[in-house]
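To keep things simple, chains are lettered A, B, C and D as they appear, and every chain counts its residues starting from 1.
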Amino acid sequence: MKRVPKRTSVDMSIELAKLRLESPVLTASGCAAAGKELDQFIDISTIGAVVTKSVMLEPRSGRATPRMAETPSGMLNGIGLQGPGIDDFIEKDLAWLNQKGAKTIVSIAGNNVEEFGKVADKLRDIPGVIGIEVNISCPNVENRGQVFACDPYAAADVINNVRRNVSASMPLFAKLSPDVTDITEIAKSVVKAGADGLSVINTLLGMVIDTDTLLPRLSGKTGGLSGPAIRPVAVRCVYQIRKALPNIPIIGMGGIRSGRDAVEFFAAGANAVSVGTTVFNDPEACVRVHDEVAQILQDKGLRSLAEIINAAHEELI
Amino acid sequence: MKRVPKRTSVDMSIELAKLRLESPVLTASGCAAAGKELDQFIDISTIGAVVTKSVMLEPRSGRATPRMAETPSGMLNGIGLQGPGIDDFIEKDLAWLNQKGAKTIVSIAGNNVEEFGKVADKLRDIPGVIGIEVNISCPNVENRGQVFACDPYAAADVINNVRRNVSASMPLFAKLSPDVTDITEIAKSVVKAGADGLSVINTLLGMVIDTDTLLPRLSGKTGGLSGPAIRPVAVRCVYQIRKALPNIPIIGMGGIRSGRDAVEFFAAGANAVSVGTTVFNDPEACVRVHDEVAQILQDKGLRSLAEIINAAHEELI
Amino acid sequence: MPIVHKGTVVDNKKVGNYFVLTATAADMPKEFKPGNFVAVAIGDERSSLILRRAFSIYQVNDRGVYGGTVDIVISPHGPGTDYLANLKRNDAINLVGPLGKPFSLPKDPVPCVLVGGGYGAAPLFTLAEALTARGCRVDFILGASTQEKLFGMLEARRISTTLTVTTDDGTSGQMGQVTDALPEVIKKSNAAVIYACGPMKMLEAVANVANMHGIVSQTSVEESMACGIGVCMTCVLPIIGDDGITRMLRSCVDGPAFKGDKVRWDQVGKIPSDTWGAPVEGVN
Amino acid sequence: MPIVHKGTVVDNKKVGNYFVLTATAADMPKEFKPGNFVAVAIGDERSSLILRRAFSIYQVNDRGVYGGTVDIVISPHGPGTDYLANLKRNDAINLVGPLGKPFSLPKDPVPCVLVGGGYGAAPLFTLAEALTARGCRVDFILGASTQEKLFGMLEARRISTTLTVTTDDGTSGQMGQVTDALPEVIKKSNAAVIYACGPMKMLEAVANVANMHGIVSQTSVEESMACGIGVCMTCVLPIIGDDGITRMLRSCVDGPAFKGDKVRWDQVGKIPSDTWGAPVEGVN
């Protein structure tokens, strides 16, 4: 029996950029592949949206193993964006998602500014894509591997280029890295460049050293830290961005394990949330978190999720 | 019976800036007050050094409560540098530490560049101070201004000013914040300004929202995230700085709970480690970590700690 | 001196809404004085909950078959207390204690009223014994929102001259709050000292009644603690010193019991602007 | 279809260096095929270990007094396996399964050799039953570094035509490795297929022997897994496809059993430069 969200009297639907979603809980890019495997556990068409693993122009082998290490209340990953390339993705993964009636937000990545645009262009007029998440938290091959999301200009360049390659009505979400001195600066820059919303946050750069070999555990040495460990950083980032940009749609993520965790993000300013690493622990997590949020709202005597969004900002409500 | 390090055949002594310490394990600033309370559990004179809570020029009440929230494998704190002020500190805390024969590294903080210098000046010629750690990175300062450690120029100004107010032979450690785009840039800047070593890392800026009130849990809204949760970020920072500055002495910290954790820091490039949040869980932690590291080295058939420092940098060894 | 003890659970029984957990505790009983507390770890090194939880020591036994043991009273309501409530006999439990300043005892054999709110009663029974041993008359008031949340009625009756019980909903004893009953008990017993432990609002109310009657109160406060041993500065509250100056004192080492008239009750959770070292602009 | 099951431990007994843990598992046994594994959570939501651990399913029972149960074999050596080894009857345990592709069974009743290294023997017993049911002759080879680390000798003897045992130190059976014994067993049994599960080095050696004898091998690999269900891409290794192209395939959903001649054994832990989508410069 695939799990589906429980029906309750609480209105869990949300407005997100130009989208209206029945559930505020989405998958996180890279933590749900293209939805098919999770559909064994939950009915993938009943969650807010499937955010797919970041896809690039060409097929990609990813990094050598080991690609992960467990850390206290979290994990480090260095997958290296393994994937089939955009053509194969559209032909197989997207076709499957469409056939299932899933709502799909396609996450895209590129080695340089142009590549992002090309991937976006491939998605033009493809049915079933309700939004594009631009994963700018990846290294710019042309600039010594500097991560796009760590530089307001590079980040804006990417968003600009993607914006020009998709229809004006296509909601674009820029996915930000927390590894910056001032995340609101990057946020403002990408919004100015044409992002309709922000996905906050990607992983934190980390390292685990194998105490037997005394060498970095991951083949790529550093990797991305995710899971409950990073939640306080993620909530802080969402809060800061909401404060700086009172009206920008935000998909919040980073360590969400329970409905209570998701409520922290909504109160901090998220309009929707993505559940990432927790899916590895609980394949039903996206539906469970939805149910738990609904229950919390019901226990508070509230009728809709909208009532708690931004609640932590006394000046905004 | 106060715990003291076990005697083993492994040479655990270290060279750190101009210091020679019998143990590589120190307390972390703000997690051991001025040593007195911990001395009920461990003999405080037997650990590497006591790094005291950051002291400022004037007495300080700190922030209103709640000042902390527990987080997955970590905690958030917003103490706001409560303390007695430098005069009272010297008269009472330092006198006690000296009488105990403890090795003391005094952590200092200031509201502005000048204040740092004034605090440092007060420590001139005070016996028993083996080093000064300059806390340029506390995110909790009530002063709304930017954190010194997030700007290479401000950070350098502070170190410069402190350097001018202490004797040339006094080892100065600059304590860095991980909340920056490029921590090696800050590291280089403070070393150029006169820091003899670096303390890496201070807490990450985070937020916890109370899901009952929907408001930030801490009175100061944001706080500093510490504990095992942040260890992979801390190890990465140490590794990056060691790579950028192959010879700078580093005190590594952030989530050290066990000897294995400490070994990660040594391999990444730390010459010494501080144990912070874990002390709240285990008041004997500084001695226990020392013993566990010695045991690991013994199990590896090594004779001295020095043999594993920088081991994760294949190019350095 | 406090110790870190890797103990085991000897017993854990449900009593009303609470659990009374007995753990081996080595030499802690020998060092114990009424008013001390223990800081209990929540799970082992695999646990994601890294901070200890504070519990008043309810009973100690230093000659049992298990060597020294301590009893604590657990009110399950969060991850840590839920975990402890579910521990079973022989499970591992790690304790640090005894911690905190004990209650100050009067030099002379004066009448004392002991006021416990809910599980706040826990530290009062060993206190009552110590007071009785000094020849003090002891009168008890136990209060709670409802009967299930009263703790230690039988025992209080046994060791006190009178026991008065209040519940907000009237399910046991008088309907009302402890402070409704307090003036009468003070009068009857001719009390010279009031000891109180329970929710902050109750303590404030008790301290006010004591002040009004011109008698001394000792209130054992409950502030959120990260370390319990005095090194972190999370557990502070504004306390007026003998010099009249308000300081943010640590409830774990300078308390948990403070004189009721020295606590700035209306300013708990704030920094009063006249506090030693308060921000000049009054911002926090 | 795999399910998420909040089960309980029915039994957990030490067998040599291992623990055989039986857990309730609802409908998993009905869906089970030999070669499947389960992903087991390490503790509850309080645990700092958030990733599941993979274990081959050793036995299933769908008609026991506890309803469906599965047995797994645990080799304690790290935080997760230590935790599981210490679970007691009635403790909670959360399982996801059955996961992974089952072993492919031969269409015809051909002789098969089953090679298990240490706890790698675990999935081979249900396989042996399925093969026997199809009329295949089954010969077993069990190997380990030392006697204590052999698993399932009695059972292997019972369900096989021959059992050969090897240990590196000679404490049981022949001194040496499984591959020292393998050619002889292949010859005697006239084997058409070899199934192997154990350490990667052993699998590589077995695959080589099979290749040399021109027979098919199925090797069940053990790659570090974060999700076990195919969504994270951590568990990949280079596998040659039917089209001759090497791809980084997920061992959790495309395996764990792969044909021995399709695994690029010498390139495990690397990205062979001719892999589909490999970095052009050969960097990683």
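Throughout what follows, a residue touches a chain if its C-beta (ideal position, glycine included) is under 8 Å from a C-beta of that chain, and two chains touch if they have at least 3 such contacts.
Bear in mind the structure is a predicted one, so any value in this text is a computation, not a measurement.
**Student:** Chains in contact with chain A and with chain C: which ones?
**Tutor:** Common neighbours, chain A/chain C: B, D.
**Student:** So, comparing C-alpha centroids, which chain is the farthest one from chain B?
**Tutor:** D
**Student:** Count the touching C-beta pairs: is A-D or B-D ahead?
**Tutor:** Per the contact counts, A-D leads.
**Student:** Using mean CA coordinates as chain centres, what's the gap between chain A and chain B in Å?
**Tutor:** 34
**Student:** Averaging only over C-alpha atoms, locate the centres of chain C and chain D and give their separation in whole Å.
**Tutor:** 55
**Student:** How far is the middle of chain B from the middle of chain D, if each middle is the mean of its Cα atoms, in Å?
**Tutor:** The separation of the two C-alpha centroids amounts to 46 Å.
**Student:** Identify all positions of chain D at which a residue touches two or more other chains, and write them in rising order.
**Tutor:** Correct list: 48-49.
**Student:** Which chain B residues sit where two or more other chains touch them?
**Tutor:** Only 72-74, 227-228, 257 qualify.
**Student:** May I ask you to sort the chain touch graph into line, ring, star, complete or other?
**Tutor:** Graph shape, chains as nodes and touching pairs as edges: complete.
**Student:** Flag every residue of chain A that touches chain B in the complex, lowest number first.
**Tutor:** It is residues 71-74, 76, 150-151, 179-182, 204-209, 211, 214-216, 221-223, 225, 227-233, 235-236, 239, 255, 257, 260, 263-264, 267-268, 296, 308, 311-312, 314 of chain A that touch chain B.
**Student:** Per the contact definition, I'd like the list of chain D residues that touch chain C in the complex.
**Tutor:** These residues of chain D touch chain C: 42-43, 46-49, 79, 83.
**Student:** Using the touch definition up top, name the residues of chain D that touch chain B in the complex.
**Tutor:** Residues in contact with chain B: 48.
**Student:** Applying the document's contact rule, which stretches of chain B touch chain D when the two form their complex?
**Tutor:** Answer in residue numbers: 72-73, 228.
**Student:** Give the list of chain B residues in touch with chain C in this complex.
**Tutor:** Residue list for chain B touching chain C: 30-33, 37-38, 40-41, 53, 58-68, 70, 72-75, 77, 79-80, 82-83, 85, 142, 219-220, 227-228, 257-258, 277-284.
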